[in-house]
Amino acid sequence: MDWSKLAQLTVDGTTLGCMYALIALGYSMVYGILKLLNFAHGDVFMIGAFIGLFVYTALGGPLTPSIPIVLLLTAMFVAAAVGCGFLGVAIERFGYRPLRNSARIAPLISALGLSFLIQNSALLVFGASIRSYNTFEFDNGRFFTLGIHTNLVNVSLMRLIVIASAAVLMVGLMAYIRYTAVGKASRAVAFDREAAEMMGIDVDRVIATIFFVGSALAGIAGVMFGLIFQNVFHYMGFIAGLKGFTAAVVGGIGSIPGAMLGGLFIGLVESYAVGYLPQGSTFQDLWVFFILIAMMLLRPTGFLGKADIRRA
Amino acid sequence: MKMRLTALGVIVATAALIAASVQAAPSARAISTAGGVSCGKTATIGYMGPTTGAVASIGAELRAWPLFYLSQWNATHKLQIKVVEGDDQFDPSQASTIAQQFVSNSKILGVLGPGSSPEVVAAAPLFKRGGMPYIAATATRSTLTDGSNGHFFRIAPPDSVQAQTTSDYLTRVMKAGKVAIFDDQSAYSQPLADAVQQLLQAKGVSVFRSSVSPTASDYSATINTIPNGTQVVYLPFTNPAKMQLFGSQMTEQGKKIAMFAGDSGYSTDFHIEKAYFSTFAPDIRDIPADKAIINAYFKKNGANAPLTTYGPPAYVAAQMMISAVAKACTDGTATRAEVYKDLLKVKLPTSILGHSIQFTPKGEVVGARFVIFQIQDGKPHVVQK
Amino acid sequence: MPDSTPDPGIGRDEWVAREATLRGDDAARAERLWRRLPPKWRFGAVVAAAVLFPVVVSSDYIIRVGVNTLIFALLALGLNLVVGWAGLLDLGYVAFFGFGGYAYALLSSNQFHLHWPTVATIPLIVLASALLGMLIGWPSRRLLGDYLAILTLFFAQAFVTLVSNANRITPPGHKGAVNFTNGPNGISGVDNIHLGSLTVHTVRGYFYLTFVVFVVIVAALYSLNNSRTGRAWRALREDPLAAQLMGMPVNRLKLLAFAFGAAIAGLTGTIFVALQVGVFPGNFDIALLITIYAMVILGGAGSMTGVVLGVVTVNVVLEILRTPDPARWVFYGLVVAALFTWMRPYRRLALVLGGTVAFGLLAHFLATSLAPAATRGAPLGGGVLGHLTNHWVILLTNPTTVGNIAYGCLLLAIGFLTQIKGFWRSVLIVPTLYLAAFVWENRLVTNPSIARLIIVGALLVTLMNARPQGLLGTSRIEIA
């Protein structure tokens, strides 16, 4: 039994899983409130990665950062979160709000169109070449040579930072939803929109806030992706979005702990499948697909989801 | 009144569409122009490449260099060459439609492109039917010059030559007994990886073969599948940034395995220390005779203009095509058959690639070979000519 | 954007009032005019136009565009069946198209040295595609629209991945790998379609063949639409629960819809591959799917005529966008036509257009006097309109960065415009129009392939917001 390989794959899977979880949170929250699949969410993730890249290069990274590295990382996260938050609100305002009372298919198609539009606008504006964060050059590669390096497993400092930040964010989000007024309002709107409106909750505002928070998380996930996996390009949101959605479904759509669990699950399964199955690497994106089908057929509500009773 | 004016609006739009499509239709003449196209003052060629789409960064370079040569030619010669551009978006069905467009346009005497092998295969039946000579700068699939693709030429040597050079270097110089090969499921990468695998296995080397998904961004799990004791990882990916990531993640996980890449390794995006790559031209920046051309190119296109392995062969392709067209046009008219015959006759004593260029009857460049580099101190150095 | 719903007045239901204005719609009026012609005449007109088209046009390229249009039309009709008639959002439709194509290539090329006669392969492929459609549609029995969409999207991805890698699969019991699909390089040298002794190998031949298939499919779909199954699909689309209560076999209907749609796509795939003399994994990407969706939505999901109209419009526009000068005509023509349709009264329209021209001339004058070195660009492609715009639009020598910023500003401006109404909207349209022309000339015209994708995406979003029923569809009001 090759424990080293298992341990390394677990670490890789956890890192991936954290990112998928952050994306899945956005999907889950939006679906919980609007019962709508936000196709454009993956592209918000992509834009976040680009915003992080621009802040990073503007402040001199990777070779000559003009401010201390901790501040640089914080600036990237904040910029991506804020930028993507506003982008999410704009997407909701222009893509989904006019269609709130239309046939179910209309917002889905609008979402498809928006996703396509954002992807290709990014292609037009940023160009087609793959840009790299080059964090391996950061501070002489310190972020990757430091960390836990044993015979069993290698975990670089950058991965530790990412996993830790993701954990903090997820805990923060759960606290936000449970304890703040806005969080309670959003839970109310998710449960029964009309009743919430009758109780005096400004539904439009709540929805906009949820979109902001979900998209901000996706933006931060984008920056994390860039920090660890370097390469950003206009198409990266598509597959990440699909996997994020699968994570949300697997964990139970509408449930926040479910999205986190689902994300970790998907990340780990993907890693193990690639590592152990023959030709696992060739079909890397398809293992997630099989999990989704299995879930759909065996347990459509996911791990932590509640059965969705559609009231008239 | 309201309806009539709305209908007027619709009619205006329709008229605009019809006018536009009439303008877009190339001159309606039969394909075979027995009499030839008059080209005393201007001649037209076509350019087809993946200007946008999945490999747009390569496409930008494949387009910039021939257009650069064109502008230089037009500035110094009486015969002005015009170019009709087509963007196949790295999609074979678009390549097929654009090939039809070029063939139907009787003014086009020759085509530069397409950019890669599947597009060549898609465009070939149409070019063959229209008797169109076409030069692909970097389509390397070995079977393209087996005679079934009409008047096809290419500048880069085929995969079979690269596979031979690579496997030879791996066994003879690097003495590798255990190799892992990954391809990225692209049309360039897979046949090359297959060929190298076969040659290595014939020499008794133990080969672990797998591939990475083109949409995958994380290779950590894949790297964990490399068997212990592997001495070399051969990765002929199309994208240097992905190879850079692969190499960096190998270092991150503490695996010290030598890397060997294909043509795309010649790029500023790929700078893994001590990695090797093979490409079909020496670094043109090291050839003194090319300095003037390189400077003029950057002056015209800006300091960030692309220059990796793909530009120089595209430049040479333009050179060959335009020389042949000019030769065919010396008597004032030219046909595609004439241009084809002249392409077989054109010989450039030197070229930007550092050696003479002449086509074999099959369409390959005589004596094309691959050069092997190693990255030392962040810069590529030739280790085998 | 259309103006707000009319005030129903006292004593009139809002819903009824909305329906009345819908029926008075221009497009509906045009359709009624068309329907006043006897059906035989309508049919004859279309057939005559199609038959004369290859005779009148001598350029093979235009015939090729015509064949492409017919192929898109067939695909769109199949998608219309699944999405428009049965209301199932199928995002994996191109996979059936690919399946049909690859199946034909495997049976009629040198890949396995099989060269079956076309009369045998085509029915077999249609049947196989229908079975595959049922298989993929099987999860639809329990899934809601969004989940089905994602599942089918994954299936499309899986198909492309499978086909790109099926060149070294080792079937159980077989020694060594078998090359099924030749991987990313695709299968080339596919046979032409031959029916008996007749081989189709010219573009004109393929045009006639595809048109005949098109007519047959249209006739079949027309009768299907008016049959029990068609009515059952419509009931399913509007309210699945009510349909089930009325005793309709909802699950079977869904499977049937998938099967029919897949069968049409498979058939189209065979013609497409025979035309292209080869098949590649790159033929079946997401961009194709979104384009077909745009065509169906533009025409009006649910209306066959609308869908065909949508196909013709979108395909012709996309083809014209390949060359810069005709593309310019189309761009300005479409902008003017859109303003014509939406801006009332025409006095306001004239003022806006005149204002835009004046604004542009002023801006151009200011820019060229203040920064002559930076504004020395030339209009791409030349031509009459190009020369006119040269004096109106600011053309930069280095358009990339400023053009990109302008593009972002344009998106913001359009978004902002949708939120305000009245006088200020008309005023702000003027600089927005100029900005649009600026972005077009400086960035989009030089990147026609990205421009076409952006246009397709924007088309989908705009249609859904402004006119979800497309050109000829029926407006649907969902009672929550």
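Each chain carries a letter (A, B and C) given by its place in the written order, and its residues are counted from 1.
To be clear about the criterion, contacts are C-beta pairs under 8 Å (C-beta built on N, C-alpha and C of every residue); 3 or more make two chains touch, one makes a residue touch a chain.
These numbers were taken from a predicted model, which means no experiment stands behind them.
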Chain pair, B-C or A-B, that carries the greater number of C-beta contacts: B-C
Chain whose Cα centroid lies nearest the overall Cα centroid: C
Cα-centroid distance, chain B relative to chain C, in whole angstrom: 31
Distance between chain centroids, defined by C-alpha means - chain A, chain B (Å): 37
Overlap residues in chain B, where contacts from two or more other chains coincide: 52-53, 185, 211, 213
Sites on chain C at which at least two other chains make contact: 161, 165, 447, 450
Multi-partner residues of chain A (at least 2 other chains): 123, 238, 282-283, 285
Interfacial residue positions of chain B with respect to chain C in the complex: 2-3, 5-10, 12-13, 15-17, 19-21, 23-31, 51-53, 86-87, 89-93, 96-98, 100-101, 103-105, 117-118, 121-122, 124-125, 141, 148, 185-187, 190-191, 194, 211, 213
Partner chain C, residues of chain A touching it in the complex: 31, 36-37, 90, 93-95, 98-99, 101-110, 112-121, 123-125, 238, 242, 245-246, 249, 282-283, 285-286, 288-289, 292-293, 296-297, 300
Contact set on chain A toward chain B in their complex: 5, 8-9, 12-13, 15-16, 123, 127-132, 136, 144, 149, 154, 156, 225, 228-231, 235-236, 238-240, 270-272, 274-275, 279-285
Touching residues on chain C, where the partner in the complex is chain A: 83, 87, 89, 91, 139, 142-143, 145-147, 149-151, 153-155, 157-158, 161, 165, 286, 290, 293-294, 297, 404, 407-408, 411, 415, 418, 443-444, 447, 450, 453-454, 456-461, 463-465, 468, 476, 478, 480
In the complex with chain B, residue positions of chain C that touch it: 26, 29, 57-62, 64-65, 68, 161, 164-165, 167-168, 183-186, 188-189, 203, 272, 275-278, 280, 282-283, 285, 287, 316-317, 319-320, 322-323, 325-327, 329-330, 332-334, 336-337, 340-341, 344, 346, 383, 447-450
